[in-house]
Structure formats: structure tokens, C-alpha cells
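Structures are listed in the sections that come next.
There are two complexes below, and they share subunit A, which is joined by subunit B in the first and by subunit C in the second.
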Partner chain A sequence: MNSSPRDALILGGNRLPFARANGPYAGISNQDLLTAALDGLIARYGLQGARLGEVAGGAVLKLAGDLNLTRESALGTPLDPRTPAIDLSKACATGLEAVVHVSNRIRLGQIDSAIAAGVDSTSDAPIEVSARLRRILHRASAARSTADRLKALAAIRPADLAPVPPRNGEPRTGLSMGEHMALTAAQWGITREAQDELALASHQHLAASYDAGFHDDLVTGYRGLSRDQNLRADSTLEKLAGLKPVFGVKSPQVAEPTMTAGNSTPLTDGASAVLLGSAEFAAERGLTPLARVIDARSAAVDFVHGDEGLLMAPAYAVPELLDANGLTLQDLDVYEIHEAFAATVLATLKAWESEEFCRERLGRDGALGAIDRTKLNPLGSSLAAGHPFAATGGRIIASLAKHLHARHVETGTVQRGLVSICAAAGQGTVALIESVA
Partner chain B sequence: MTAETIKDLRDVPSFPAVYAAALTPSRARRSRRGTPRLPALAYRVRGVRIDAERARDVDHLLGGAATDLVHPAVLHILAFPVSLALMARDEFPFPLLGVVHLRNQLLQHRSVNVGETVDVECRVRDLRPHRKGWTFEAVATVLDQDGAIIATDVSTYLAKGDSPAAEGTGADSPSRRREFVAPRPTGRWSLGADTGRRYAAVSGDANPIHMSGLTARAFGFPKAIAHGMYTAARALTEARPDLSRPLRWDVEFDAPVTLPGTVLVSYEDRADGSTTCVGWRPGRDGKPDRRCFEVAVTPLG
Partner chain C sequence: MTDGYTRFVRSAPGRTIAKQLGLPRPSRLLRREDRPEPVLGPVVVLGRSAGADAITSLLLAEGVDVRRRFDELRTVGSVVAVLDEVAAPAELGEILLPLAGAMRSLAPGARVVSLSRPATGEDPARDAARGGVEGWLRSLAHEMRGGGTANGVQVADGVPLDAPSVLGALRFLLSARSAYVDGQILTVDGAEGSAPADRSRPFAERTVLVTGAARGIGAAIARTLAADGARLVLLDVPGAGTELARLANELRAVPVQLDVTSAGAGERLVAQLRERGLVLDGVVLNAGITRDKMFANMTPDRWDSVLAVNITSQITLMEALIAAGDALGPQPRVVSLASTSGIAGNAGQTNYATSKAGVMAFVAALAERLRELGGTANAVAPGFIETEMTARMPPLNRELARRVSSLRQGGLPVDVAEAIAFLASDEAGGIHGQTLRVCGQNIVGR
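Now for the complex of A and B:
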């Protein structure tokens, strides 16, 4: 095991129910969502007036004016205003990176307590002006005379006025994330049936965990929503099979497109927050530690010229993480693999089962092998819950920590959980946590 | 004291109707002689839903985050047209558009969530002679569906005119304004000409004195003035109280905030957990600073 000066303990979490884009959270900003998620965490753990070591958080789709989004949100809560905050950003891995960041600081003794948070609103995504219009406006604002200003402004053409929404795709390939994934899915021969089965399991697991009351102390209702809006408890394989493929349909390399709106995550709005602290902090506050953060790794792949699939970085990061901690893939009790798309999870598992991939790509003696699929995303994941980019890491960490703790209490043995999150631009962050009881 | 009658209104009255009624000449006001009498009448509106979008717009206007806990100003905004309708009634002794908001105290016994349904009751009470006329209180009570009081909002108004305490009558009349010594400012509000219109858009209160210089002049004000409750509500947001706890929100108004204009503010967190905010117009050309409002937000329990 990785030796560390002291433990960074996961003490609890809170998130808002995730809403579909332009649904109940339309007209609501990132700051609103993050403040509401933090408020709920503070209320649940009695942190009113507490001066924490740090609040770390971020958003992927972020307005330029929100540079201090996390700090501004924290300032709107009953936390002591002297609690420092930091904004982080790493696409869909933002939330998990925030957990890793604060847990490292706790382990090093720099801070005793922290909140790791994340938020995203696709309903309030920033819309910018065109690069040409921006340059013209800067030139006009720098002009010294009215005549020069008018001359600069005269360069504006109607086309410059069209607003620029956030780019939906990789800037270097021009392909959307779904199109990239469709290429990887075709390369690994991931079937439509396997994807739909994984999507169905996600809905069923999440619905069952809600019905069991598992989320009662993890989720605070917001704007009339008390469960994730995307959750379809009554979904069936027949319904999923009836959906038309949406990704890969324009790619000549994809003979049979398999990715539908049912086995891909929808655009959603939401926020999450996780409370972490040292053992001393937990004892002081009378909080029950659920799990400790053991270690984390990140990796990146060269997807630009097709050397590797865009979302395959976790397939590289996980073996490195396991090796560093003397574990095999099968030593884990729960696998939380973020369901960007059902095919992402399946391609990752298939890569670890592949002798060829593990020898040639990972430089190992053989395959990592298969996992016990009953241990995969047992509480449902992003296909059912939705995926407000930066909020996903916090969602997974808080529910996994609670789940591992409960299993530990039940079985009397330490439970280990893996969290794996792929991100845009060919990156991935993975983390290992283990139960405390 | 006359027994009070409660009149149930079907809905929260609309501002245009209230202001139109207020502009109609009233028999009671024209023929008033001697001591004025407040009507022994309460208005009640049952089953008013606290609209999530309005609550959000209020939060955003005030620079706060739209959480599910309702800003206390939303409760005031909800009840205000009901009180106003009561004050626009024929037998009400003072002209509605001439009354000045002196003080406000809102006591909130529990947090309120967006989407909750409440009952609102409004009455007027406590008529007192003042050196400039008469003061009275408009009291709005917000109740939940079990009849428990959620909040009490007391607005103290001044109706200018003759009264036993009016200046020169020999009654207690501290006619000199207390000298205001401005503290060190902690912030500055740059209020645009549209400040009144923006608050009107979320509160519905489109009183012409707040809307533009032109409409304000028609009612005898040299410039448009900000809604007092806008300044008070913004101070509450910036005081950052824990809205999940009961609180008291006290406001005292002095000089009006003219628009467009700059107000300097100074916040102080006190040992008892309360936060105060004083706001003033900085004096120019040798003129003294004018205190505009003082707000205190006190958590209870």
C-alpha cells in the first residue's frame, strides 16, 4: 500500500438531483447550483460558520465572469468567509481532480478539512462573440479618437454578430466526443446489445438504490426535482433497442452504428460536493469517516492522429494505479467506471481482457483480465443519473464511499473501490479509495 | 376598539389596479377632520404559491445565488400589494401615494422553500402622531397551510400632514436631523437609471416615482428614487445570513436614494451574530454625507 503521512478521509457528500438540459434548472446559473449543493452539504454536516481548509471546485462550461466560481459560491453559504477556495478545470475529470487535489493537501498536512465540488449547466452554457468581432471591439475600445473608433467598428459584418456557442467536439479532430467513441466502439467490436444491456443495468441499479433510500443523505432536492430526471426506472431492452443510432452514422469506418441516445449520456445540469478531512477533523466534528483516499493517477492518450481512442486514457491509468499499490484488477470490490457512453465502459473492460492490448499498449506480460460484472457500477452511473460534467466525480466519490462503508460494516472486511473517469482531449483520471469502519 | 373584519381576496391584487384606485379622489380623505381612523379590516389571500422563477429573479437581481431557500424580500414582495390594496380603500384616511416608508421589520420564524403555498394576511394598525404627521404600521402575516405563522412583516409609514405632534405644536419634536458621521465604506453600489425598473420587473411595484425621472417629477420628486426595499434586500443578500435559520431583518430609511446614483455602504459583523449595513449618499461640493438606510440582519435561535 502507498504510505502516506496521514489519511484523507471521505466524510460525506451532497448533490442536487441532475436535471436534463433546458429542464427544471433552465435559467439557473452554475453559481446557483453550486451554492445550493454546498448549502445542502453544510446543513447536513453542521458546517455553519466552519472555517475549512479549502473548497476546491470547478465547472467545464464556464462563463468568463465566473473566474472565481467556487469562491463566489462558497461566499454565498454559511461557511466562514475566511475559507479559501480554488477553481480547477479538467473537462469531465474536474470533480475527481478536485477530490484528488484536496485529499493530497490533507495527506500532506497542509489542510485538515476540505470540500471538493463540481458543477455544470448545459442550460446556461456560455455563448461568446466571434473571434473577429472580439478583435474589432478591442481595437475600437483602444482607439484614441472617435473617428478611429468608428473606423474600427465599420469593419463589423453581419456574419460577425452571430453568437458562438461552446464547441461540441474536439478542436483538433473536428469530431464530437460521440463520433470519437463510435470509432473506438467499432474498433473493439462493442455490440449494440451489450451497450443497451449496460444502459438498462445503469437505470435499474440507480432506481433500486433510490428505492432503498440510499440517496436520502446524498441528494438534496432542488427546484422541485428530488430524483435524477434522466432516470427511467421502467426502461426495457425493447425500448432501448428501438432507438436510432446517433453517433458514428457519418463515419465510413463505422459499418454498423450502435450508439443511441439510450446508451449515451444526455446533457444535464447539476452540482455535487464531497466533504473530506483528517481523522482529527472528523473526531472533532463527530463525523463518521466512510472511506480513505488511497491514491490516484492520470493518463493521456494521443487520439489526434488515431493512435488511441479519445476516451481510452483510463485504460492506461488504472494499471499504473494498481501496480503502484500492489493490487490486481480483481482485488477490487467495486468498480465505478464513468459511463460517458456505454461503449466507453465496455471498450475499457475489453482492453483489459485483451492479451494484445495489455502486452503491446501497456507493456505487460499478459492481460489484466476480466472483472466480476456484478461489482461494476452497482448504484447506477451516468447513463441513468446524467452527467453534468464537473459534478460527476463528486457524485461517484460520495456514493461509492457510503457504499463501501456500509459493505465494510456488513462484512467486517475492508472494501476497495476504483473510480475511473475519462475526459475530453484524450485524458483520464482514476482513483482508489478504501472503506473505513 | 372596533372588532376586525377579515375580507378574503381571491388573489393577490395587481399593482396597476391598486395604483389606479389610489389616484381616485376619496371621500374619506377629502372630508377628514380631527383624528384619522384606520379601518378595522384585514385582507387575506389564501393559497399563494411562492413562484420559483420570481424567487430566482429576486436572488439574481440582488446579486445572490438562487437556492431553494426563499429570500425574505420575496415574502415582503408577496404581501406588499395586499397591504397596498388595503391602503387604497376609500375609507383609508391617507393618500396612498403620499406615504413615506420609514421603517421595516421582518421576522422570519422558519425558512421558506420555493414552491411553498402560503396564506397572506394584511392589516393596518398603531396610528401615532409624528412631528411631520401620522405614522402607522402595515402588518403582513405569512402563514403556512397549517395556520402557523412563517413570517411577520411590519412596515412603518409616515403620512405627512397635521397632527398633535406636528412641528411647532410644542409636542416632542426633535426637528434637527441627527448628524451622520459616515463610517469607513466597505463597498460601493453604482445604481443605474434602470434600478427602479429592474426591481419593478421582479416585484411588480411599478410606482411611478421609481420608474424614471420624468414619471417621478410628475409626482413631485426631482429625480427617480430607488425602491427602499431594493436597497434593504440587497443589503440582506450581502450580509450573507444563513437563510435556513430564523432571522430578524430590520430596516430604517432616511434620505431617498436618487437614480442614477452612487451609494457607499459599510458592513459590520457583530459579536451577537448580526450583520449591519449602513448606506449613504456621499456629499459633494461641501454638502454633508446623507444617510439613506441602515439594515440589521440578526439570526435568531
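Now for the complex of A and C:
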């Protein structure tokens, strides 16, 4: 284990039930969603008036005016207004990066307590004006005379007025994330059945954990929603098998498209927040530490030139993280691998099982090997819960910490959990946490 | 929260028009913040019994301007009619008639409170006098003007007039906290209870659970109890979790997201209380819903959901809290929400009225059980209260519902909260199984 100046402890979390895009949270801003998630966390842990070390958070789909989204959200809560805040952004890894950021600061003794948060609303995604219209408007605004201004504005053509919605694709390849994943899935030979089975398990695990009351102190209801809207407790393999493939259907490299709306994550709205602190902070506040943040790594792959699949960065980051901490893949008790697509999880696992991949790509002696699949996403993951981009890291960290703590109390042994999140632009962030009891 | 009609008749032209047409002219009710003094003076105590003397001394000791006659008083703030020793109806006039000449001298928001004893079936003439008090009181309440109210306290034989709950009820009815309680008679049947150490914070060191707390009357109950110093556990359905969390943040309370109708809800609540080391001194069973439909169109889902939330959940929650053994404090106070619909009935509300009438019978039975533990159970029956729920009523029905009370207006959530706070207080330990109406003397029902 890495020796660290002191522990960064995960003390609890709160999130909103995740809603499907244009559903119950339609028309609600990122700031409102994040404020709501923070309010619930503050109420749960009695943080009214508390001056914390930092609130770190962010959103992926962010309006230009939201430059201080996290600070503005925190100011709307009963936290002491002297609590500093920072906005972070790294696509789908934003939430986990926020956890890593504040835990590093706690470990270094820069701060004693923090909230790591994330929010996204695909229902309120920014819509911009075209680059040409923007340049014309700037030119008109800089003009000194009315005549010059009119001259500048006269350059506007009807086509310039069309709004520009957020880009649903990689800027350097033009392919959407789903199309990229379809290529990787085909390359690794991930079957439709395996993907549907993983999706079904996600729904079943999440439904079971809700029924067991596991989320009672992790989720605060919002706008009449008390469970994740995407959760289908009654889903079956037959229903999933009936869905039409949506990604890879036009791609010549994909012989048989396998990715459907059932085994891909839907667009979602939601927010999450995690409370972290030092042992002293926890004791002062009478809070029970659940887990400590051990270490984290990030990696990136060259998907632009086709060297590696877009969402495969975690396959590289995890072995590095394990090596740094003297662990093998099988030393872990729980694996939380973010289900961007069922195929993402399966391709990653398959890569670790592949002698060829591990020798040639990772430069190791042999494969990392297979994992015990009963330890994979035991509480359900993004396929069932949904995936409001920046909120996913917080969802995973809070529920995993609670789960590891409960298992530690039950078994009397330290429980280790791995969190792996892939992100747009060929990036990935992974983290290791360990139970405290 | 004043309705449009009331605002209109308080304007200069509105006042003239309403006066000429004989339309109702609701007065502004003075509430806690409008009238902070506990007793509006001067107070005239009527009656010549030992009880009347005792009440006079107690009020004097608190520095209130107390008189025994109306002579020369240009305005009268409060009147306490002590009728505990009347033996025949003929004796009532002697005590009450002096007030007749002073009715026009009553100040806006004046209070008339009678103290009497219940009929017992032992002495026909005495019972006739005791029973008569109710008729006089309820009629007088109809005649009160300027937002004034008339209410009574009926004290069981054997309970002294200076028992904590008698004085507590008297103080409550004299105060601005009872602004929307009118024409009601509250029975005190025990000498239990104790006056609070600090009258400005009667709930200091007390923990109270409020169900259905996220909004409306529940939120008003939480705010009122918090202002009175209570530590609160606020419960509501998970879907209202964020509203609940925000109220909990405002009041520094403990939020509990729980569907009270779910299986094992009581046990889950007990587990959460234990986890946080909380013991409840008070329980306010406020969670309630309406699913109105004429009975001819009543469906099982509308019927079942209303009964499940409004009454069955109260039964199972209290069973779990009592069975736990460590969830309730030594003198638990339970206050449940009934409704005037449960007393008088209301077309379109067979399901709701069934549940609310059930609540009244339930608290009476629960009171017997809790009495053994030193506790009490009572209910409050709101009449027309201005809430999100009543704002959805058809406009004409809503307007009618407002005007058919003696106070000619709807009450506010805080009015219900104040009555609940009184019944949940240490002082109210001698009040068992009662239902107190907070309805501005609505014409429906008793």
C-alpha cells in the first residue's frame, strides 16, 4: 500500500434519483440539480453552517454562464458561504476526478473536509450559435459606428442562425461514442447475449439493492422521483433480446451489430455528492468513516489513429494502479466498472484475460486473468441507474464505500474496491478504495 | 395568504359595498407575531366560586390587568366565565348577563373562555346548567365580531381548576395561538401535566416526530414546534426527499425519508431512531392524502390509498413505536390529524371522511393505552385551511367553504400547528382522547 501522510475518508454520500432525459427534471438547470443534491447531503450529515475545506464538482454539458457552477450551487445551500469551491471537468470521469482531487488535498493536509460532486442535465444541455454568427456578432459589437455595425450584421445569412446543439461525437473522428464502442465490441467479439446478460444483471442488482433499503441513506427523492427512472426491475432477457441494434449498424467493420438501447446507457439527468474528510473531522462531527481512498491513476489511448478503442483507457490504468499498490486483479473484493455500454465492461474484462493484449499492450509477462463475476457491479451500475455524466463517479464512490463498510463489519476483514470509469476523448480514471470499520 | 375576497372587502370601496349588501366582512385574525402578549387585557373574570378566585389570583400573579366587573371599562380584552359550581340553569344568568352589556366593548381579537364541568347524570338540575353552558358558548361564538373568539374548557369533576392542563388550555384559548379555534369546548379529564420551565421555549429538550412534514400543514407544524424549541424528526415520502431535506436544513432537524404505508415502515423508523439515539417525546401523525370522488365512482385504488395513508399507517406506526419499548419518552404526546369532514361528512369524500372519523376513534382508544405509560393521544380537526390542497378545489366550493364559518375566512396552516403544539406540550398531560376543531366555528358538524 502507498504510505500516505494521512487518510482521506469517505464519510457518506447523497444523490438525486437519476431521471431519463426530458423526463421529470426537464427544464431544471445543472445548478438547481447540484444544489438539491448538496442540500440532501447537508441535511443527512447535519452540515448546516459548516465551513468545509472545499466543494469540488463539475458538469460535462455546461452552459457558458455556469463557469462557477459548483461555487454558485454551494452558495445556494446552508453551508458556510466561506467554503471554497472549484469546477473540474473530464467528461464522464469528472465525478471520480473530483473525489481524487479532494482526497489528495485531504491526504496532504491542505484541507480537512470536502464534498466531491457532479451533475449533468441532458435535458438542459447548452445550445450555441454557429461559429460564423459568433464572429459576426463580435465584429458588430466592436464596430465604432452604426454604419459599420450594420455592415457587419449584413453578413448574416439564414444558415448562420441555426442553433448548434452539443456535439454528440468525437471531434477528431466524427464518430459518436456508441459507434466507437461498436467497433471495439466487434474487434473483441463481444456477443449480444453477453451484453444483454450484463444489462439484465445491472437492473436486477440495482432493484434488489433498492428493495433492501440500501439506498435509503444514499438517495434523496426529488420532484416526485424516489428511484432511478431508468430502472426496470421486471426486465428480462427476452425483452432485451427483442430490441433492435442502434450502434454499428452502418459500419462496414461491424459484421453483426449487437449494441441496443437496452445494453447501452440512456441519456440521463441527475446529480451526486460525496462527503470526505480526515479522521479528525469525522470524529469531531460524530460521523462513521466508511472507506479510505487509497490511490488513483488515469490513462489515455490513441483512438484517433485507430491504435486503441475509444473507451479502453481503463484497461491500461487499472494494471498500473494495481502494480503501484502491490495487488493483483484477483485481490479485489468488489469491481465497479462503469457501464457506459455493456460492451465496454466486457471488452475491458476480455482484454485483461487476453495473454496477447497483456503482453503486447501492457508489456506484462502474461494476462491479468479473469475476475469473479459475482464481485462485478454488485449494486447495479449505469445501465440500470442511468448515467448523468459527471454524477456517475459520486454515485459509485458513495455506494461502494457503504457496501465495503457493511461487508467489513460483517466479515471482519478489510474490503478493497476498484472503481473504473472510461471517458470521452480516449481517457479513463480508476481508483482504489478500502473499507474502514 | 389572505384570499381575494377578503382583500377586497378590506379596501375602502369594498368595505362600503360589502356593508350595504350585507356581505360577510372577515376580520384580520391576530396571530402569535401580531399579538405577542399571552393575555389580551384587561381581563374580566366572571363567577364567584373558589375556582374563580383561584383563576383571578393566578392571572394577577402573572401581571395581567384583572377585574371582576365591567364597570367603567371602555374596552375589554378577555373574559373568563367561571361556571364550575353552577347547580341549576337559573344560576347562569347571574354570572353571564353582565357580559351582555359589555359585548360592544370587546377589543378586536377579544377572547371569551368559559370554564365549566361536564354533565355526569347524577343531578338533573346541575346537568341542565352544565349542559346549558355549551349552548350559550357556541351561540356567543357566532355573535363575536372583530376576529374575537369564544371557547370553553370543560373540566372533569375531581380535577381542580388550577390543574396544569386547565390552565394550559385557558392560556392557549386566551392567546393569539388559538386565532382560528372558535366555538369549541375542550375537555380536561386529568390533573397530569406540568407547566414549561420557559414559556418562550415550551419544547426545549423535547424531541418530536412530524409525519408528512415536507410541505403544507406538516411544514407549518415543524416550523411552529421548532420556534418553540423542539428538536425535530421530520418524515415524508422519498419522492419529497429534497423538500424534506431543505426544511430539515432550515430547522436543523433530522430528515427521515419513508413511505409510512410500506411494509415494515414502523420498524424501519424505530431502527433509524435507534441509530441516531433519538427518543420521541411527541409524535404528530400528520401524513395524509385526498383522492376525492363521489361514492358512485369510487375505485379501490382511491379508497385503499386514502385509508392506508390517513389511518392504517397511524395504527401501524404507533404499534411499532410502542412495541419498540425505547422509542417513546416517559410521557409521550401523540397528536393526530382528523378533519371536519370526518365529523360532518362531505360529499365526494367518503374515503377521506372514513379515514378521518377513524382517526378520532383511534386517538380515543390510543389515549387509554398511552395513559398507562403516562402519555396522551389527541386529534386536531382542521376545517377549511388555505393550503396547496384546498387551492385545487373548484373556486365556488372554495369560496363557500371559507365563508360558512363564524370567522368568515379560511384558516392558515399555522393555526392548525398552534393547536397541535398545545396538545403536544407538557402542559396538556390531562387531556386524553379529545379532538379539537380548528375551523373558525365552521357551520358543519358539532
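As a convention for this text, the second predicted complex is superposed on the first by the 437 of 437 C-alpha atoms of A that agree within 3 Å, B and C clash if a C-alpha of one lies under 4 Å from a C-alpha of the other, contacts with A are read in each partner's own complex, and residues count from 1 in each chain.
The rule we apply is simple: a contact is a pair of C-beta atoms (placed from the backbone, for glycine too) under 8 Å apart; a residue touches a chain by one contact, two chains touch by 3 or more.
Since this is a predicted model, take the numbers as computed values, not measurements.
**Q** Aligned on subunit A, subunit B and subunit C: do they clash or fit?
**A** After superposition on subunit A, which the two structures share, subunit B runs into subunit C.
**Q** Kindly classify A:Y222 by the partners it touches after superposition: subunit B alone (first), subunit C alone (second), both, or neither?
**A** After superposition on chain A, A:Y222 lies in contact with both partners, subunit B and subunit C.
**Q** Looking at A:P78 after the superposition, I want to know if it touches subunit B, subunit C, both of them or none. Which is it: first, second, both, neither?
**A** It touches subunit B and subunit C both.
**Q** Looking at the overlay, does A:R44 come into contact with subunit B only (first), subunit C only (second), both, or neither?
**A** So A:R44 only meets subunit C here.
**Q** Between subunit B (first) and subunit C (second), which, if any, makes contact with A:G213: first, second, both or neither?
**A** second
**Q** One more residue to check, A:D32. First (subunit B), second (subunit C), both or neither?
**A** first
**Q** Tell me which region of subunit C runs into subunit B after superposition, given the options 24-32, 150-158, 294-302 or 348-356.
**A** Stretch 24-32 of subunit C has C-alpha atoms clashing with subunit B.
**Q** By the touch definition above, which subunit A residues appear in both interfaces, subunit B in one complex and subunit C in the other?
**A** 36, 39, 43, 48, 78, 221-224
**Q** Considering only the defined contacts, which subunit B positions touch subunit A in the complex?
**A** 52-53, 56, 59-60, 64-69, 114-115, 240, 242, 244
**Q** If you look only at subunit C, which of its residues touch subunit A in the complex?
**A** On the subunit C side, the touching residues are 237-242, 244-246, 248-250, 252, 255, 257, 268.
**Q** Under the definition above, what is the set of subunit A residues touching subunit C in their complex?
**A** 16, 36, 39-40, 42-44, 46, 48, 77-78, 213, 216, 219-227
**Q** Which part of subunit A faces subunit B closely enough to touch in the complex?
**A** Touch residues, subunit A against subunit B: 27-29, 31-32, 34-36, 39, 43, 48, 73, 75-76, 78, 81, 221-224.
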